[in-house]
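Two complexes, one shared chain (chain A), two partners (chain B, chain C).
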Partner chain A sequence: MSGKNAELETMASTIGARAAVRPWRLMGFGYIIPSLLLLAAFFIAPLWFVGEMSLREGRLPPPGGGLWQNYERLFLDSFYFGVIGETVVLSLVVTLICILMGYPVAYFMVRHASARLYNLIIFFLIAPLLTPIIMRTFGWQVLLARRGLINEGLMSMDLISKPLSLLNSPVAVVLGLVHVLAPFMILSIASVLSGIDRRLEESARMLGASRGKTFLKITLPLSMDGLGTGAILVFMLANGSFVTLLLLGGGSLQTLPLLIYQQFNTTRDLPFAAAMSIVLLVLALVCLFFQLRLIRRKGA
Partner chain B sequence: MARLAEETRESWALGLVTLLFFVFLIFPIVVVVAVSFTSANYVSFPIEGFSLRWFHRIVEYEPFIDSLWVTIKVAFASTAIAVLAGVPAALYLVRWKSAVSEYLMALLLSPLSMPMIVLGLALLFYLSAIGLGISLTSLIIAHTVVGLPYIVRTVAGVYRGAPPDQEESAVILGASRWQIIRYVVLPQIKPGIFAGATFSILVSIDNLPVSFFFGSPSTSTLPVVMLSYLEHQFDPSIAAISTVQMLIALIGLIIIERFYGLRHLGTPE
Partner chain C sequence: MSYLDPCDGEPLRAGYPVLSQEKTAGDTMKATRCSTSKPYGVAIDADRGSPGAKGVPVRLDGISKRFRSVVALRPTTLDIAPGLMTALLGPSGCGKTTTLRMLAGLEAPDEGRILIGGKDVTRVPPNRRGLGMVFQSYSLFPHMTIAENVSFGLRMAGMEPQEIASRTAEMLTLVRLPHIEDRYPNQLSGGQQQRVALARALVTNPAVLLLDEPLAALDRHLREEMQFELRRIQTSLQITTVIVTHDQEEALTMSDQVVVMSDGQTVQSGPPAEIYNQPKSRFVAEFLGTANLFDGVEDGQGNVRFAAGAGDGAVLARAEGTGRRELTVAIRPEKMWLCGQEAPASPATVGSDVGLSGRVTGHVFRGNNHVFQVAVAGREMPLVIYQQASNLDGPGFAQGDAVTVGWNPKNAVVLKD
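So, the complex of A and B:
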């Protein structure tokens, strides 16, 4: 009897000891090596290569061009610097509109929708994310055309006397981008809103705060993480978008991705295109840094 | 009573905003589907009459059909490679918790955060420099890099929710490493693999900013051909092919819902 017990005890302690020293591991480090090799060879190396290329002599070297000539041209030439500015401003405007439009929707789906409606909303948020990008742009092209539904509608209401040129304008670009990116914002806000302890709001209400005040002092601050995550994501995606700009902007807005596309397609100034890519990449990395910080904070 | 009324009013107001938002979100897509059934020679909405002629037209237009095959080949091949590389990596990172593993996870997911146009340009330069150039192989490599994070993310999400008890029991009962993976872990993570693979396929099918750089008569994917078509012509055939492509995506979405549940996608980890 005691022998059996001792045996069990030894077994338990061996398992325990093993767990304490090093938890039993099904997967060794070897499991991650294929992925790491893949990314090292075809993700990090190419980006490094672009960095190197951006330091080569471009097609239009400025007088006395040194190692950083492409970057000097990008930041000192008022046209190119303007392009960087336009990229950032456009992304900021789109992000702001997504917040203003997305917050009420996220709030509604978390606080007011039944479980069935909630699932339906999720479906209708995700389905457009998977519809072809060209399709969505094409839809806006049809609606915003000179004789399109929007112009005809405004004219029949006598709001305008002749068709507005909506297509190939910044308005079309902003509409198109908000259309593509707003679901990301809503999903980020909704996921944080649904985690807020409702008793905090109840307490504020019971202590006499009005609905509006409760929202401003309790709900909004608590949902800031979701707002931040969504805003960074939307900003990042807007910065890199180019299909919408190409098809709806018609040259009315110049952004970095569009310029990269043109440099590649027509001018063929590859080192200069590489320098622009690196600037876009750095913008993305800054966003990524803030995103990781937010996620870290949420986890803590 | 007053409070209840206030809440009802809020509910109605927000509901209205939500409804308007979804009209904004869905209407442009509905317009394209409608235009694809037009009988007119030109794009107009509302449509003049009903016909399937534009669907006939896309079947007859060779570049669309050729590029559709390229697209399907690339989507499935890149997803297969991404699954083979990504699944083990996700399994390892979930069970191995340390500061380093957190960074490795961030690295594996980082292609998601890169501007696609930068990634496309970088891969084109690099793959040309190492001699692969514009080829189907290059295209598949590029799409694998883009698809990998989707696999890693969904598989890690599912595996994280599976308690390690069953694996530990299997070890104690003397199962070999392979048996545990085959009979314990794989059934647990299957929904994650399916959902991640479906995602990776859908993202690959609709990828334009990366595919665009690898365009040539034999390597142009469907979106690349559609873009160049749209730059020269504006007729309902783009609407017809979009409708077909959307149908494929909807089927994919239903598969994801079945195996994984769309609700999980709403919550970023």
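So, the complex of A and C:
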């Protein structure tokens, strides 16, 4: 008797559960509403606000400036345009160094390292990403400072007579950025490299291609996707990097993020800072566009 | 780069059995090819003389290979006949692929020498051996068009663009895939990719063609079609070919020579019919097709009789001068008869010299034949027997039927182990 009751109860609850599911189904993708609201409140609205702000009159309005006066100033004033240029050139240099240094490492990892060594390298690549960027940048300061480890070491070996000014130079910035960003490049190249069938390279060898030709004609073209993804990632991150430039550059390099910080904090020219932010954002979007095209071509 | 020079060939032989398509192609190509002095041969040559006459011989001289502590190949000496197709057959891990890869130059042997056309190539890198290879996964370059794939070898050799184009088109015609030059590998079916891979391997007119499980990824129907196709191309080119396969049927149907390998060494080699009909060992008998094995005792007069009380001491097989008393005998399932058991089992009722009483324990219809499992006294494993499905009346025997199994002792093979 009680057994039968339990059975009925189970049936009832099953039916109830089914009925309860239906409204959810009718709502369709209702469950993403919370994240949509969050996105709207903290991403789309601020973006709109910044965009709108960038079109307002700045602190030093050029004579007869119209709606786009901040952008005109940014692109027509040789100083500000130089800053945009410096930002892009720095990012390109960092990206290039990351490619040149990262590709051999990725290649070694995938093609020559044992499984244990591979995992060890992965660990050493990821571990620094887990420490805050400030810490790593301070680490570089300790190394590069006037009385830092490198200068002291070189002087104690009598290789130099007075300390080199390593800190607060473009070299220090590039060093710091490459250190921070190289893992992104290595990991994205390695993941694509490990997906390349070795038989493709062997086929090329059988068809008369030397090792070098095989690399240039087969391995490199096939790893372009990883290289492209890594390059775009590194370029974007370098473009927006701030802490490294502030702590290692010491004003030797002027980039957009530094300038935005200045305009916002010191000059308090919010419309102009907003315009620079939008330009930085557009640079990132252009990168994303290329990345999407790369992915789409891969899919085709 | 190539060991074959098409320009020194004899004139086209009228009697040589090539498909007319190739004959014309080879003919016209010869006219264009031989006017130049480039060292590339014409893969579609119809004028290589009698089969095997112009292929390149290959000799593996005591080569061995180990990977760390694992022995991949014990010291092995193997002669591969020129112009013929030789199959390396064995289960996975038997060393056949390692052997092929060493021949290709993709692995270096720990000891021994590899001779291609009499020339020691042991230390020659793969790109200078002048061999063609087709992998199981086809390994077409995904970022290149079909034309770029096929012409890769020619471009690496620095051939002139015009010649590359015409030769590429000719190769694609040979594998019956004209007009797909501009497509990409992922737009082709598995069978088409296979043909392109073959064209790519043959375009440089290699001395030896190496095939690493070339048909394993194809479905059954396509595989049978490609077996004929591969064979057609191989015989028309008379190129020395080594095919690695774990599929015994493939090895038997496609090759002129079969080398059976097991556990890092060759166990038997010979023409397919010999390997199938006269297996020397238990392994070969069981790996190639199905075999019913019996333990027998030689009676001193060349007759092998059942060892364990079955079969009333009937003669199981003939064996002369083995010098051993206890022997193992293998009989192929299709060489056995089945007979209803109204009358008591005797050689007379089954029309053979051996008659064994048994009971049908299983039956499978395979379209062209029936497979029966028959349990007989004194044997743990049931016998497997194929009966031709030559009429539409059905198998004739059902599970549980008492039957008599017979065979001719001449068709029973005495194994060496």
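Please note the rule applied: the second predicted complex is superposed on the first by the 260 of 300 C-alpha atoms of A that agree within 3 Å, B and C clash if a C-alpha of one lies under 4 Å from a C-alpha of the other, contacts with A are read in each partner's own complex, and residues count from 1 in each chain.
Convention: a contact is a pair of C-beta atoms (placed from the backbone, for glycine too) under 8 Å apart; a residue touches a chain by one contact, two chains touch by 3 or more.
Note that this is a predicted model, so its numbers are computed, not measured.
For the composite obtained by overlaying on chain A, chain B and chain C can both be accommodated side by side without a clash. Once chain A of one complex is fitted onto chain A of the other, the partner contacts of A:R199 are limited to chain C, with no touch recorded for chain B.
In the superposed pair of complexes, A:T229 makes contact with chain B only, with no contact to chain C. In the superposition on chain A, contact is made by A:F123 with chain B only, not with chain C. In the superposed model, B is the one of chain B and chain C that contacts more residues of chain A. Of the two partner chains placed by the overlay, only chain C lies in contact with A:K213; chain B stays clear of it. When the two complexes are overlaid on their common chain A, residue A:S35 makes contact with chain B while staying clear of chain C. When the two complexes are laid on top of each other via chain A, the two nearest Cα atoms from chain B and chain C are 5 angstrom apart. Of the residues of chain A, not a single one touches chain B in one of the two structures and chain C in the other. Residue ranges of chain A in contact with chain B, taken from their complex: 15, 24-29, 31-32, 34-36, 38-39, 42-43, 45-47, 49-50, 53, 101, 104-105, 107-109, 111-112, 119, 121-128, 130-136, 138-143, 145, 147-149, 179, 182-183, 187-188, 190-191, 211, 229, 236, 239-240, 242-243, 246-247, 257, 260-261, 264, 270, 273-274, 277, 280-281, 284, 287-288, 291-292, 295. Chain A meets chain C in the complex at residues 197, 199-200, 202-210, 213, 217-218, 221-222.
Of all residues in chain C, only 1, 104-106, 125-133, 135, 137, 139, 141-143, 152-153, 156-157, 200-201, 204, 210 touch chain A in the complex they form.
Considering their complex, residues 6, 10-11, 14-15, 17-18, 21-22, 24-32, 35, 43-46, 81, 84-86, 88-89, 91-93, 95-96, 104, 106-108, 110-111, 113-119, 121-123, 125-127, 129, 141-142, 144-145, 148, 152, 167-168, 171-172, 177, 180-181, 185, 202, 206, 208-209, 213, 223, 226-227, 230, 234, 238-239, 242-243, 245-246, 249-250, 252-253, 257, 262-263, 265-269 of chain B touch chain A.
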